[in-house]
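Shared chain: chain A. Partners: chain B in the first complex, chain C in the second.
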Partner chain A sequence: MDKFKEMIAHRHEYAKAWKARTGGKVVGWFEPYFPEELAYAAGMLPVRVLAEHETDVITDKWMYAACYPVRDIVNLILRGRYDYIDGYVTVEGCQWMFNAFEVADNNKKAPFTHYLFLPDYTDAPTSKDVVRSEFEVLKGKFEAWTGKEITKEALDNAIEVYNKNRRLLRCIYELRRADSPALLGSEAMNIVLASQVMDKAEMNQILEKLLDELEDRKPVGDKIRLMLVGSETFDSRLEELVESLGGNIVIDELDTGSSYFWNETYPQRDRLMALSLRYLGRPHNPIKDSNWRRRPQHIFELSEDYHVDGVIIAKQIYCHLHGTDNYAVWKLLRERNIPFLFFERDTGLPEEDTELRLEAFMNMLRPGLTRLVGWHKAMSL
Partner chain B sequence: MTKEYGKWPESGWSSETIDWKKAKRVAAGIDIGTTSTQAAILCDGELFSYASVRNGASFKKAAASALSGAMGSTGLSQKDIHASAATGFGRKHAPFAGTLLDEVHCHAKGARFLFGPEVRTVVDMGAQSVKAIRLYDWDRVRDFMMNDKCATGFGRNVEIICDLLDVPITEIGAKSLEVDSEPEPVSTTCFTFALTETLGLFGEPEFRAAPLTLNEVYASYLFSVAWRVLGVVGKLQPLDVGDIKVYKELAFTGGLAKNPGITKRIESELQVTALESKYDPMLAGAIGAAILA
Partner chain C sequence: MKEQVWETRPLECWAKAKELRAEWQANIAKDDKIVGQGNTYFVDWQEAFPAIRIVEDNPAGSMIQAKSSPFARKCRLASEIRGWGREICGYHGNIWGSQFLGYDENGAPFARRHFVVPFPCVCDSHAKRGQQVRDFEPVPQWMSDQCMYLGPRDEDREEAMNEHKAYCTLRQINDIERVFGQKFDDEKMVEMIHSGHVERECRSEISRLMAQTVPAPISVKDMYSFYTLGFLTRIDPQKNLDFWKLVRDEIKWRAENHIAALGTERFRWIEAHPPSWHFLKYYRYMEQYGAVCLGSQYTSGSGDYKGIERVTYPEDTPLLTREDAIRYSDTPNAREPVGFKQDEYMNRPPYGEDVLIKFARYNQANGALLALWRCGVGCTLTRKEQAMRLREAGFSVLHYEGSQPGDRTDLDEKRFLNQLDNWMESQGMQKLES
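Here is the complex of A and B:
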């Protein structure tokens, strides 16, 4: 299992080795609505630009009071950590992330950059056509850049590889539904994160092998079952902290977690429309959910399906999207009597502070502390 | 500064009616906060003794000092204690503690011990943090909220302002209530801002129709503290959705609970009367730890 964590730590080396081996281009993407299949069909390696929380002394100039992940991303790009990336694509979404894309572009030109518009009202009747046309523009740009046509066969293959990856990740997540799951939340998070920076065909082989191994794996034991909701995270430190306190995150609703792979592309003759429907139909993230409010219900359904004892809502500081959406989530969880813990974090988790909150929350859920020691005495006061 | 105005005096007490030698279970709880430490000893669930001491540079020394203060001259020694637990910011610095516990549960338990089983909402206002805790009517925590990184240091800032204004911490609250009308509060965003703004109130008499009296300055500052606490309390799960009396059976714990300038303003905003206890509300964490040990 540690190999996935190592993979994330050494993802830059992996991408460089991939380039040297295949001679292909690496395209970095910022937002979860980026259609990776198009890049894959063009023979490129799509890589999610992840934050690391490296010491930052350069982004204050442009990005004061932005959330830490986007500042980290700009920091890493300007420091040259992502120099192997040949092009960047961002999608209409978080404005901080768009800011990161622009600042990076203004200060360190990549050979290829593209901004893809995606409407905030993902369920509007015309949205699918708008997105399809946007995908068509991107496809044309990729073709012009690589000098190679993206054929229907290549697109079919990409869709199949990606769908297979999503199915395999769903299988991994299915194992977490067990009363005593075979894997920990931190392990699952590392698998999903690794999947966002690796060649999917290669990742699929690893996942198939892993699923065989997990069948014989000893369960992790009885732990408090928790769900993680909130801003995207780029490592598994929070999950590890939860595990060190006797809990296990059995399901998440993160853009970097389950929402990344939750739905598949349903094939149809118009491949771009199929992709358009897939991306518009993915679990809504807060910025694409302001009108229909499907996200709280999705969170509730996941919490039911995975039998969670409580929900952790961890928001990145300065994340306005989750800041405004949280109240709708709180409201629904309260109405349905699902205990939750809310706190703010940044990419560098404040351990001592977070540990205290998590411990109190888990004690709240743990039946042991309800024993009535001293209670009869209190009654007599 | 020749005199320290911002510190609560150290205290200690032991029961004259309880004989610890006859107790089946002697339990000790210690609450190591950021500026002060409390130790409490329970004999068969009854409060036998306690001590409250100021921290120095070492949590470890403060913990040892509080525990020995609680044992005092009762003849009790560490080996006679059957169970012990530590809580608070410095809880990891109590090597003698058998269990480490979170503050939320300790304060909840302690508040019900001190204020009675009807407590449903606990607001713990310490030197470093504020916790609002909602309890079920049975013995279980239902929800809690803590202040974020911004606005930490509630209690410590009140101590600093007392030192700066040369007003004893035991008096600032009552004096702040001796005003004809509530003045405009100072900044509620950050206590550093609140502090400088409070000092600034002395420097601008020419901009006011009538200069603020000292009591009005205290009121202006303490209202900003109360307002910040209300922000934390307001995020709690309501007792019943749609029930307007959501903050009833309220108990204050921690050092700021002894400051009526803060508690009365919170009560007034929430339209409740807080429960009272014959014991020092600073002891809630230590007593809760002793119960749960």
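Here is the complex of A and C:
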């Protein structure tokens, strides 16, 4: 299991080796609505530009009041950690993430940059046409850049490879629904994160093997079942902290977690329309959940499906999207008597402070769980 | 004042502006219209529904802060304990807090919203804010989008965006007719489009005169008293048009006769985006140095300084149907190149010179005062980079920090004024003797 964590730590080396091996281009993406299939079909390696904290004395010059993942991304880009990336693409979404794209665009000019518009109003009959049109523009730009046509066959293959990846990740997540799952939340998060920086075909082979191993793996034991909701995260430190206190994150609703792979592309003759519908139909993050409130209900359904005892809502400070969406999430959780803990994250994870809060939250949950006479967890918690 | 150089005198259009504003206020107090929550700039069809009034949370939120700090704090607390972030836009924290509390800053019941059209905006806080109205109680909501892309204009790329925009607006109108049993006045809409052209021309002319005449015939401090008339402060289209013609003519006369907004003008400065609405005193404070503010892209009615040709339909385009009118008013350019909110995205290197540099040059400015708002993503994005570029272009720049234009929590007023002193003194300027 450690290999996934190592993969994230060594993602830069992986991408460089991939380039050397294949002679292909690496395209970095910032927003989860980026259609990776198009880049993959063009023979490129799409990698999510993940944040990682390093001493930061640079970003204050460029930005103000941005959340820490965005600052960390800018810090990494300006320090040259992502110099192997040949092109950056961002999608209309979080403005701070756009800021990261824009600083990269101005200071570390990559040979290719592109901004893709995706409506906030995702449910209009015309929304899918806008997205299809935008995907067509991107496809044309990729073709012009690589000098290679993206054929229907290549696109079909990319869609299938990505669908397979989503199915495999979903299979792994399904195992977490077990009363005593075979894997920890931190392990699951590392798998999903690694999947966002690796060649999908290669990752699929690893995941198939992993699924076989997990079938025979000893359960992790009875732990308080928790759900993680909130701003996107780029590591598994919070999950590990929860585990050190006797809990287990059994499901998440994060852009970097389950929302990344939750729905598949349903093939149709118009491949770009199929992709458009997939990205418009995915579990939305707050900015794209601007019309119908689908997100709170999705959170509730996940919490039910995964039998969670409580929900952790971790918001990055300066995250305007979750800062404006939490009201609806809190409201629904309160109405349905689902206990939750809310806290804000700043640069990195303030371990002691967070540990204290988590411990208090889990101590609050324990008596309620042990009162459930006859329930298998009652004695061991 | 000893160092007065120019003649100055009060604006004569003040009286008319006050009258129109008072009339608007009185109508609000007594009307029984169907109240919609939306951005009045984008919901520009509202007068074609005589029984509907659109209110916007930006001015209402800033009014709460300007009128009562304790009440504004109470409102923001009411929002925060329900989940709203403490670093989201102060306008929203104030107004939704007031909705949660059930009363406004005057103690009157919070005006019920019957529907909502959220503000399609590149500002994340603003884009999300409208949902609160429907979260609070089950009322209809209609959406739209502010489309954009980077780089040169691409008509093919815009086609689907324009269809999307037209669909959104037509659906809003169609559904309001159906849900509220109101008749949309198509002829009124066409009339508004034509009068809107003239009004925009008046506003552009005023901005041009303000920017290019020394001394400036009007400062942004005065403009802030007028500029909401016609969009945030909706009044009868004809009265509105007459008023803006009146202002234009007076400003033109002042420019021709060198009547200054500030008789001691010797330093011209610009801003970016809104000021701290609760602390407008700094404009007067700067006047002690003979410094006049020409405003920002936020206040400028003229897009001339951007050097981008505004794409419009020919003036004689026949507007025969509702759809014609909506497509016309939504503009043929999906990106709306004069939209100030998109400047940070499009009007900057590598796509051209920074828009603030253009604005500073256009206004013959000596310096720029750029706020950094802790709680304002849309009004802070790229501001530091713009400052760097302005400095490289030879403009003196001062940053000051605060929460947000509608939230005074973090604005240290004393420190801010001290910063202004230092900024002016660093440029060899002293306060003028009165």
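Here, the second predicted complex is superposed on the first by the 366 of 381 C-alpha atoms of A that agree within 3 Å, B and C clash if a C-alpha of one lies under 4 Å from a C-alpha of the other, contacts with A are read in each partner's own complex, and residues count from 1 in each chain.
Convention: a residue touches a chain if its C-beta (ideal position, glycine included) is under 8 Å from a C-beta of that chain, and two chains touch if they have at least 3 such contacts.
All of these numbers come straight from a predicted model, not from anything done at the bench.
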| item | value |
| --- | --- |
| Which superposed partner A:Pro119 touches (first chain B, second chain C, both, neither) | second |
| Which of chain B and chain C A:Asn326 touches, first, second, both or neither | second |
| Touching partner for A:Asn106 - first (chain B), second (chain C), both, neither | second |
| Touched partner set for A:Trp62, first chain B, second chain C, both or neither | second |
| Chain B versus chain C as contact partner of A:Asn263, first or second or both or neither | neither |
| First (chain B), second (chain C), both or neither touched by A:Trp96 | second |
| Greater residue coverage of chain A in the superposed arrangement, chain B or chain C | C |
| Partner chain in contact with A:Gln297 - chain B first, chain C second, else both or neither | neither |
| Partner chain in contact with A:Asn157 - chain B first, chain C second, else both or neither | neither |
| Intersection of the chain A residues that touch chain B with those that touch chain C | 342 |
| Contact footprint of chain C on chain A as seen in their complex | 61-65, 92, 94-96, 98-99, 102-103, 105-106, 109, 115, 117, 119-121, 123-127, 129-130, 132-134, 137, 286-287, 290-291, 293, 315, 317-331, 342 |
| Touching residues (chain side chain C, partner chain A) in the complex | 79, 82-89, 92, 118, 120, 122-125, 127-132, 135, 141, 143-145, 147-150, 154, 157, 159-161, 163-164, 167-168, 171, 344-345, 348-350, 372-378, 380-385, 388 |
| Interface residues, chain B side, partner chain A - complex | 42, 44-46, 101-105, 109, 112-113, 116-117, 138-146, 148-149, 235, 237-238, 241, 291-292 |
| Touching residues (chain side chain A, partner chain B) in the complex | 334-335, 339, 342-344, 350, 353, 356-357, 359-361, 363-364, 369-370, 372-379, 381 |
